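Heads up, the next two complexes both have chain A, just with different partners, chain B and then chain C.
Let's look at the complex of A and B:
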């Protein structure tokens, strides 16, 4: 499902028309993304801006809060089936999760689980543009991220939990663990997906370990295409809302996977045992030894 | 083992104190200690991540949670779940003294988020399978270290001692990311409770089941070890009465004061979930 594969059977004119009709997801804000994914007329936002649930901790630090705290929770239908979109706004505080924004996601996952347990499945979709825990709410941010992890693990027994990383913020920190727990993960080539942000690796391990300004190197290690080719993501798609919607629909139709990646303990450990940490290993080299299906 | 003595750490000290001579389960890693110890007559599985200066991954030599540690934790937790499938579910105790996750280029390339997620998954799976899961914080519990090794427990306990600290990120990196000085960060921690690196401030958020006072965290006496064991046993008994999930951290007097927003979000979300 790579962008090139999708286009091979099209004529040049069809490819051009398709390119021109694309609607960029990257350029949308979180609320527009949720609206674009849900069936027309079905979008219903929960705890929207007029509910005024803001961070109680940011004003104490001279930071202006936002009345949705940077997370949009929307219910509606996706391809005719009940869904809940949890979209993180990368433009507010780097998409970081604090007490309120994190609780919105954890609470929505918990309610989806309640419905799943009652035989009323709701498809959960996480749009992950996030630096992870909001450091201005450090320990509470971490606590709610742990709650999100717990809820994803409990929920994915009932319905597949779908994560999407579009870019340009990417998905880092404790929320990269959340992404790793998802049943299916969709990435765009522009996405970056990793536990540690490049700046933090450089800070902790030195510039010889990683130059956070070397964009080409960063994408070769943790970019969307690399993650897809090494089996850490299930679909790599072009930056188009309709492509994303169809991809989510198709993945959801596959149901709960027989095995989640985080259950592939022995397979991953066997592969890890082959790695020589003293030897050079780069992105292309890793693709050779870590094929796409290794964790499924 | 080589002639070099294993690096001392609080994680090792408390693992040894609680294991009390119980035979170690072979993990193949110098950085992961596992044993089935006896606690008030009951078998419990202890797990600790400790420094290993010979760790084959250089970025995980100081007690960080690295690529191998996360997956190995998952293996040894899942082994206990499988062994107890039709048996009494043994309690699982995470002894927590973890500097952070490992930061490195190789860790990035090999997808360290999945390693930590595997440990998160295993702890949560044990909790949902009916194993009482307790985390005992005896030293550092920083960032991904606690998320992967402790945060999925039914109950979090901590020693009220100097050097016991919980935080989302180490001070230097947190300062860089938030564009502040380390001094400014420390000053903020005094007024903004969740920003603090102090375990007593952490306790005010309602996240701890118990803060155990009067313990020398580095060199505990026999009496102090007995006291900690008793508190762990009490926590396990409490879980058996009322396991709950992580939302139990919201249902207490401290949380009602300092996590009012979390409670409000969940309450109003439930009201709006189904269209009226």
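Let's look at the complex of A and C:
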């Protein structure tokens, strides 16, 4: 399901109408994204702004906090079925996860697990727009991201956990591990998805290793399309809320996969054995070694 | 970070609440809700220090036509006065009966 495949049968006029009728997910804030995905009228926020569960650590360091700590937890229905959306606000502190924002996600996942264990499945959807752990909250952030990992693994036995990386922040650090743990991962072409961000690699290994300002290079390595073509994501869709909603609904209908991506350890060993770390490897070269479908 | 407090007289009660904006670069978040006391109280937390006079001017103007008693919290991340005014008007419109 790539954007080009979806458009090939259309005339120019149809393509234009389709483009104009799109509702960009990238341009929405976290709360709007959750509202756009849930069925009209079903959106109910848990621990919203007026509960004032903000970071106690940021003001101590002279940083203005946000009333929801940059995470929106919303219950409601997606295509008529119970769902919980956990949306990270990329505009607040780079979507970083601190003690409070991370605990909100871990808590929502735990509640979904409890419902799953009781035989009342709730579809969990993670909207990931995050640089990873919030450095100002250090170990508390690390601890809670580990908790999120553990909760996803426990929850995905009962119900498929769906992750979405939209853009433009991308998904990095400990939360890129969370994205990999999801049963299904949806990406937009604008997404970036990697453990260490380009700026970090450039800073640590030098500009000869990676030029973080070279957008074409960065997206050819870790962009949404590359991640889809090499099987690290399950769906690549255009930037449209309705496409995203339909894609999530269809992936959820496939149920819990027989084998999760992170259980395919032998496949990844086979991949790593094919890579020669002494020579250069670019995006197109990697696609040849590891085309979509090389796993499973 | 600087915290500023303002108080304005109010003539009408408020029954609804609203939240707009995000604490992102050049933007701010505004929370407005019915207060405990019959006045409009504003708490501003801003990432840019030393602009108390500008905040006062922007808020004076808003509360010259917004006459509801309200508890208002503003978390600001370097928004311009124009942006602050737009967010205040947006929140004010959402809580109007």
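Keep in mind that, in the parts below, the second predicted complex is superposed on the first by the 295 of 296 C-alpha atoms of A that agree within 3 Å, B and C clash if a C-alpha of one lies under 4 Å from a C-alpha of the other, contacts with A are read in each partner's own complex, and residues count from 1 in each chain.
FYI, contacts are C-beta pairs under 8 Å (C-beta built on N, C-alpha and C of every residue); 3 or more make two chains touch, one makes a residue touch a chain.
Because the structure is a prediction, the values reported are computed rather than measured.
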Superposed partners chain B and chain C on chain A - clash or fit: fit
Which of chain B and chain C A:168 touches, first, second, both or neither: neither
Most chain A residues touched (candidates chain B, chain C): B
Partner chain(s) touched by A:181 [first = chain B, second = chain C, both, neither]: first
First (chain B), second (chain C), both or neither touched by A:62: second
Touching partner for A:110 - first (chain B), second (chain C), both, neither: first
First (chain B), second (chain C), both or neither touched by A:207: neither
Partner chain(s) touched by A:261 [first = chain B, second = chain C, both, neither]: first
Which superposed partner A:49 touches (first chain B, second chain C, both, neither): second
Touching partner for A:289 - first (chain B), second (chain C), both, neither: neither
Shortest span in Å between Cα atoms of chain B and of chain C, once chain A is used as the common reference: 15
Intersection of chain A interface sets (partners chain B, chain C): none
Of all residues in chain B, those that touch chain A in their complex: 56-59, 67-68, 71-72, 74-75, 78, 100-101, 103-118, 120-122, 124-125, 128, 143-144, 146-148, 151-152, 166-170, 172-174, 176-178, 188, 191-192, 194-196, 202, 205, 207, 245-247, 249, 259-262, 264-266, 268-270, 272-273, 275
Chain B contact footprint on chain A (complex, rising order): 44, 46-47, 51, 53, 55-57, 60-61, 73, 75, 99-100, 103-104, 106-108, 110-111, 131, 133, 135-147, 149-150, 153-154, 173-174, 176-177, 179-181, 193-197, 199-201, 203-205, 209-210, 221-222, 227, 230, 232, 260-263, 265-266, 268-269, 272, 275, 277, 281-283, 286, 290, 295
Chain A - residues contacting chain C, complex: 29, 48-50, 59, 62-67, 70, 89, 91-93
Interfacial residue positions of chain C with respect to chain A in the complex: 1, 17, 19, 22-25, 27, 29, 31, 33, 45-47, 73, 75-77
